[in-house]
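Per-chain residue numbering starts at 1, and chain names A, B, C, D, E and F are given in the order in which the chains are listed.
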Amino acid sequence: MASPAPEVDISNAGSDSSPAARVVRATVVQASTVFHDTPATLDKAAKLIEEAASLGSQLIVFPEAFVGGHPRGQNFGDWKTKGRESYSKYHASAIDVPGPEVDRLAALAGKYNVYLVMGVIEREGYTLYCSVLFFNPQGQYLGKHRKLMPTALERLVWGFGDGSTLPVYDTPLGKIGSVICWENRMPLLRTAMYAKGIEIYCAPTADDTTTWQASVTHIALEGGCFVLSANQFCQRKDYPPYPEYNLSGKDEDGPKPDSVVCAGGSVIISPLGTVLAGPNFKGEGFITADLDLGDIARAKFNFDSVGHYSRPDVLSLIVKDHRAAPVTFTSAADQISRA
Amino acid sequence: MASPAPEVDISNAGSDSSPAARVVRATVVQASTVFHDTPATLDKAAKLIEEAASLGSQLIVFPEAFVGGHPRGQNFGDWKTKGRESYSKYHASAIDVPGPEVDRLAALAGKYNVYLVMGVIEREGYTLYCSVLFFNPQGQYLGKHRKLMPTALERLVWGFGDGSTLPVYDTPLGKIGSVICWENRMPLLRTAMYAKGIEIYCAPTADDTTTWQASVTHIALEGGCFVLSANQFCQRKDYPPYPEYNLSGKDEDGPKPDSVVCAGGSVIISPLGTVLAGPNFKGEGFITADLDLGDIARAKFNFDSVGHYSRPDVLSLIVKDHRAAPVTFTSAADQISRA
Amino acid sequence: MASPAPEVDISNAGSDSSPAARVVRATVVQASTVFHDTPATLDKAAKLIEEAASLGSQLIVFPEAFVGGHPRGQNFGDWKTKGRESYSKYHASAIDVPGPEVDRLAALAGKYNVYLVMGVIEREGYTLYCSVLFFNPQGQYLGKHRKLMPTALERLVWGFGDGSTLPVYDTPLGKIGSVICWENRMPLLRTAMYAKGIEIYCAPTADDTTTWQASVTHIALEGGCFVLSANQFCQRKDYPPYPEYNLSGKDEDGPKPDSVVCAGGSVIISPLGTVLAGPNFKGEGFITADLDLGDIARAKFNFDSVGHYSRPDVLSLIVKDHRAAPVTFTSAADQISRA
Amino acid sequence: MASPAPEVDISNAGSDSSPAARVVRATVVQASTVFHDTPATLDKAAKLIEEAASLGSQLIVFPEAFVGGHPRGQNFGDWKTKGRESYSKYHASAIDVPGPEVDRLAALAGKYNVYLVMGVIEREGYTLYCSVLFFNPQGQYLGKHRKLMPTALERLVWGFGDGSTLPVYDTPLGKIGSVICWENRMPLLRTAMYAKGIEIYCAPTADDTTTWQASVTHIALEGGCFVLSANQFCQRKDYPPYPEYNLSGKDEDGPKPDSVVCAGGSVIISPLGTVLAGPNFKGEGFITADLDLGDIARAKFNFDSVGHYSRPDVLSLIVKDHRAAPVTFTSAADQISRA
Amino acid sequence: MASPAPEVDISNAGSDSSPAARVVRATVVQASTVFHDTPATLDKAAKLIEEAASLGSQLIVFPEAFVGGHPRGQNFGDWKTKGRESYSKYHASAIDVPGPEVDRLAALAGKYNVYLVMGVIEREGYTLYCSVLFFNPQGQYLGKHRKLMPTALERLVWGFGDGSTLPVYDTPLGKIGSVICWENRMPLLRTAMYAKGIEIYCAPTADDTTTWQASVTHIALEGGCFVLSANQFCQRKDYPPYPEYNLSGKDEDGPKPDSVVCAGGSVIISPLGTVLAGPNFKGEGFITADLDLGDIARAKFNFDSVGHYSRPDVLSLIVKDHRAAPVTFTSAADQISRA
Amino acid sequence: MASPAPEVDISNAGSDSSPAARVVRATVVQASTVFHDTPATLDKAAKLIEEAASLGSQLIVFPEAFVGGHPRGQNFGDWKTKGRESYSKYHASAIDVPGPEVDRLAALAGKYNVYLVMGVIEREGYTLYCSVLFFNPQGQYLGKHRKLMPTALERLVWGFGDGSTLPVYDTPLGKIGSVICWENRMPLLRTAMYAKGIEIYCAPTADDTTTWQASVTHIALEGGCFVLSANQFCQRKDYPPYPEYNLSGKDEDGPKPDSVVCAGGSVIISPLGTVLAGPNFKGEGFITADLDLGDIARAKFNFDSVGHYSRPDVLSLIVKDHRAAPVTFTSAADQISRA
């Protein structure tokens, strides 16, 4: 795992608090979940955070579903029998938020003095969400974004987020938020993030296609923000053996342990559409870049989709950002009693 | 009274706290009230709890109105004369909550180290409620559910509960709550319980029809929870003699002492709709099953009425869970003085 | 003075704590104040309590304003001259609570082992209140109810109570409280008392009309409680001579000393609306009855205005039961310093 | 059917519009439903309205459930078999509001130039309500009151009204409203009506006891209003034969056709507690009186429970008068399509 | 295809408009789609409607997705390559609403003088919906219900309906609506239908398990309505050959052409929980019954989840029944121009 | 000028009306305006249309501002003197819509039997708009889209469009609309077009950067539509000589006549993100491709931003598509009288 971080002196980053002068070193982690072993996944995360922090990174972004794993290849389709067993295992690998795993991640952010953006599978009762968690260098869990709209087979196992978890955090590094995988194709959702002033747009994903590269470049231009796309790099051997996992259309012919299942492609792009680091389609690794926040003003001068380039008289977006719950209890507390 | 409990080793149940791994042995008691004799009913409860606990049960569920008795067959219709006398007696068989009978039940739960769910007739002043009480293995009374909506003739003698007594308790065995008899047909009430995360859904009842079996199966599927339906098995001889009791349409022809008045049908159903134990339509007895809590995730994978299968944008339920009182005193204490 | 109390053995009343089994012997005293002579009035009270206790009564209820007197017939209308003198005398007949007269009444209750409910004119500084005092058989003063709302001319001399003196005492005899005269026509006040669970509803009054009988019957039914209505029986000779007293429209023509000024009508009514004793429109006397507290359950079975027959979702009463004071000091202590 | 209306000249009633000068002739109809024959009941109503109008009455009040019938004596207790058939028939006798029967009643009010207050069984889908309908001399249906709280066996067949149908109509005759049967014992409901300024308080009932007379007298005093209590006078022959009807405890011994099942007792009482007409316990008939609306001021001078005799600082009643529905559709129209 | 319709004379059904007297003959069609051939499927529908109408049926209900087909067994999982082809074909088999296929169905309903309830795959642009269409005997298309919530793999190909297509039609036969497959497990959705007064509850489904039978029985009881459950009976030969279709886990072993893929189980249940016809697990066929609408009142007498058995003060459901669209055009017309 | 169109037989395109079967041949014209000579520009257009039609194209798309010219390089900055002259000339090159130039373009579309999408500078009074005009093969002018939001220096000479000119035309070729240049970066505007069902998304532009390629690829994926991006290829010699034109920063050093001023980059992309033809950065030319409209369903299966992948409950866009005018006359007619 090599770090492609350029030899840039960023020792005085932050000494000038104006965005134009700020430079932030950020690292995207491209690595695979340890499938069906959440404690081991967290151990791996700890090691990766330590290494990324040693590169001088102030912000570390992990891929979608790093903790808990992406459901690719699991047998959920046979919903009556095997699907239930698969789900039961998958449910067990997910984490409660808050909960002990969240505490551990918060402690890691604190220990290595970084902002941490981590893709997880969140468990709330018996519904799972594909979520991104945010942590600050003070070792605090800040909050989460739940993926609004799962894609294709994900809909079998992930619930739907709502408008209440679309956070953008105003940090000394800049305004940080996250949109997950093909949510990034949702123009209204992106616009909501732009309207919140997002500057460092974290895009954990599971898409390793080349068209994804077009989308993240477009988003950087459209949003006038840095886009940090984090994907896993997974090989067949990272998954449980067949038939527990049957990576669609591949296991029939017996893929080799080193066969690439998810090719990564993690990348960092500037608001002007320049690729700053990556894409890496080779293996696990760090994608690191120094983000010159002055580029945001440079880009917004040309185009600002929620500023001078908007037409609110013609086009107005309503974002319902309250909690959507099927049942509301009128008393303040809807929690059950511990007994 | 025989125990159909399968020979399952559950000695280390609870050693793994994840729901997927938990197995809970539960017993539904199918037995009759000793009518108009609450001390004798409690003695009978004590004996039944001891026996059920000896089967290794961690949770014991009694039928609706086990303490105090179901009003079936009492002459409340003639409200001017006999009805008043019947009510006076029935009122005397009910128990205050808290009160000495509650203390005794709590002690039994503690002595036999079980969670206990007990149907009682609760007396508050001169209004009676059909309630279910909850006790933990530490010998504590946890709280109660008051039936929201009595059925048919029950409306003559039972008051109406409100939204403040819809508890679900988060216990080491799982989340336990109770809905009584035809309340179980109220879709909004059930949804409130699902929203509280109920996992072990206790359904004390007085309905011994076959359509009841359809309803409890449906509820298990709809709620993704275990349903434990507890009904009394009563014969004519369990009731006072005619004319004090006139079991509708039956005493005219002089039923025999062994005639079945309430045929039981207690049953335990899994979240997947499988009948785990019962129904027993033969006599008094224990219905025991080992509940594999991992089945909940298996079932919720397919359907989760308050999770991934809800549509809060279209359908939202408001639960007013405060105490409904005709009179509110602005001082904290509305209690009268002891003098 | 004859006692209509039936020959009922109530020696072991209370041995069975269930309401259904309790029978309480109660006496309403129908007698006149000794006007403008409070020590003599207390002597008369002592004698009446002794006699009533000898009937086996456990509870003795006196009329409104028995100590201090009802202001009927006093010349308060000429407020500049004579009115001032009348008020001065009337103020002097009132008693401080607590105070020596209260101590004497408490001692009487203790001596004769009775619960005592006594109508008095209470003096607090220069404001008078029409109050009812409560005492227990242990010789203790329990507390008071101040009439919330004086009627007609009473408003010239009596202050207005507040929500802080609406006590109901939970005694071995039952739950005892008091509402005075036309306060009994206030539906919200009665409802507050019902909500406190009043069982023995003492209604000292000055109303001797036949419509009063309708009201107390209605209250017994509406409240599901025993109503003990106590009125004075007064003749012209019980008052000071003309012109100090001018009993409205009557003294012009010179009423005879035996003319009836207040005709009594004291009565005891059961929760089922049955008249148990009285009404007595003939003279001073005791109205005694054995109250079968089981009748409360019989009545509440049919109707319970704060239980099964309430509709808190539609109609809810707020009772502000704190002390209402014109001046509030934000420090805990509002007392002046002793120097 | 004889009319006890006094020979009073009311030809110029209404010539002076001040309440003090207004005199209103009102008739309470005491008559029986034609059971299970709603068209015949309406024919009977038409004849009675014609006769009452011929007495010069401006307001005609019918008993509770005149159209549709009171469920007394029907076999609803056996809910599984006969109860269902009874309910099906009873449901068929009820009327939709609005609907053709309502149109006919409105036309009758118009034809005879009277205000009409009519007790009906209202059908809304498969729930029945005990309602009172109001009509004006212009032949218009004004609105309805649905009984909030059924009594005893009524709870098996009648739904519960809510706060949205508590109308008081301000008419040239005075302010007219209605409270049904034992609702009249609900102090908070009565207070709501007083607060709306009710002057002519119509109390259709099914209670023929003597304690009812006490209650209506009390209400007249408490509310400072005229109370017009209308009850049916029913004999055994007015009902279907045994066993379809089994008038409780009576048919065993074979009641004669002329046996009285409901003894009437209809009565009109003034705000001062004076009985103006009735009670009639003898047979069907008209109870007619001339209501001098000036009596209201005379009564309120002494006592006004929502005016000078109220204590809003201590006792305040909240009336939730919106529609209570288990399901609310956010679009304006919740009506189903005609297809 | 045999008709189990009993020999009941229903020639004058509808002559009496009261629900108690109405009897409606209804037929559920259990038959398979002709996969990937919508014109042939419509020809088959025409033949089935003709036959069902010849049985005297006034209402004919088809299964879920009869036109267009259920996606069971299609290869959508491989979303990059084969999935797209499968979707393209499936999209082509769907129908526009309105459109020529809808016109044909309307004409069939008119020709055979029946109400027709038809499950279809609806195409709106590039989103497909699982819809049910309603037609009347006048040959008119009435409207549609779009499935709110697809299940499992359906989520890959079907969009999500909203609250604007939850119709219940008030027809001379009764109030007709439809809820599709596992939507029937959504308690809040069912409650919305009950609140609209549904009487003939059509439940097209794709679930052929025995637990489905429990659910439809429960719904009939809970809703007090007739439930008509219509499922397809499909054999392997009704589908395209392997590998275009790969019926999960079955084609590996080479199922025979006669192998049952979907076993039907269509059934008609009365509001009292009685099975009137079916379930048929044997083959294609008609399930016919005469629905006595009087049974609704008999059932609602015992239980009415949106009437007397509701508790709107505690539990209230909000149904947002407007159209949910991601984009709203403020002009009335959002339609594109024909050019 | 070579056509890269593959040798595909499309002679029977349109014979099958289902989208899955339609293939449309489309040509994007990459050519330069004849600056300041609108008649010559139209002659050039006529020649290009003839050639493109000869390739079998059914749809021909021209670049932004082909008629009238892009203002790049004109001296509008010196607004007091030279700027005015420049604007005067530029205004003179623009065309009225409708008007004679529009008639000529319509005739050309008719003559060559094509759909024609043409970028023009539209003159309305003294305001200019950057518009796109649409014509059909019947030789009719269909309507226009006015650019909502000019970029950078364009804002000095072009007005702002409004929501009333966002047309999408439903043609036998598919649904055609147009968004101009950096409008394509406006996520809400694009979403409005998607909501109108656009299938053939014409993107005339003046952006020849490589990031533009990323954006159009993204749009094809996001919108599930074909994107036809048309840019001019301009050399210095296509413009008037210095100093009338001063192509920013370039003319100082005297660019050669062949210097490239705008490098084209016209491209056609499929809904799956595949580049079908182009980009051409070499010179003027035709970019031609056969659009298989079946690809739209293939793409929407994966992602449909206004269908199954929208979340209208969270994100809703309001499009005000009425005419925005600074002055509104309340009478229907806002036209001045001709006199």
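The rule is simple: contacts are C-beta pairs under 8 Å (C-beta built on N, C-alpha and C of every residue); 3 or more make two chains touch, one makes a residue touch a chain.
Quick caveat: nothing in here was measured; it's all calculated off a predicted structure.
*Asks:* Trace the shortest chain of touching neighbours from chain B to chain E and give its length in steps.
*Replies:* 1
*Asks:* Chains touching chain A and chain D alike, please list them.
*Replies:* B, E
*Asks:* Write the angle of the rotation needed to overlay chain A on chain F, where the fit uses Cα atoms and the result is rounded to the nearest 5°.
*Replies:* 180
*Asks:* For the two copies chain C and chain B, is the contact made of the same residues on each side, with over half of the numbers shared, or of different residues?
*Replies:* Copies use mostly different positions to touch.
*Asks:* I'd like the Å distance between the centres of chain C and chain E, where a centre is the mean of that chain's Cα atoms.
*Replies:* 71
*Asks:* Approximately how many whole Å separate the CA-defined centres of chain E and chain F?
*Replies:* Comparing mean C-alpha positions, chain F is 46 Å from chain E.
*Asks:* So what's the Cα centroid distance for chain A and chain E, whole Å?
*Replies:* Each chain reduced to its C-alpha mean, chain A and chain E end up 41 Å apart.
*Asks:* What whole-Å value do you get for the distance between chain C and chain D if each is reduced to the mean of its CA atoms?
*Replies:* 37
*Asks:* By the touch rule stated above, which residues of chain C touch at least two different other chains?
*Replies:* Correct list: 163, 191-192, 194, 302, 305, 310-313, 315-321.
*Asks:* Where on chain B is chain D touching in the complex?
*Replies:* The contact residues of chain B facing chain D are 76-79, 83, 152-153, 155-156, 188, 248-249, 326.
*Asks:* Where on chain F is chain E touching in the complex?
*Replies:* Interface residues on the chain F side: 18-21, 134, 136, 142-143, 163, 167-171, 175-176, 191-192, 194-197, 224, 272, 294, 296-302, 304-308, 310-313, 315-322.
*Asks:* Name, in rising order, each residue of chain A that touches chain F in their complex.
*Replies:* Answer in residue numbers: 148-149, 151-152, 160, 162-163, 182, 185-192, 194, 209, 211, 213-215, 217-219, 221-222, 273, 302-303, 305, 309-311, 313-321, 324.
*Asks:* For chain B, which residues are in contact with chain C within the complex?
*Replies:* Residues 76, 79, 83-85, 87-89, 91-92, 124-127, 156-160, 162, 324-331, 334, 336-339.
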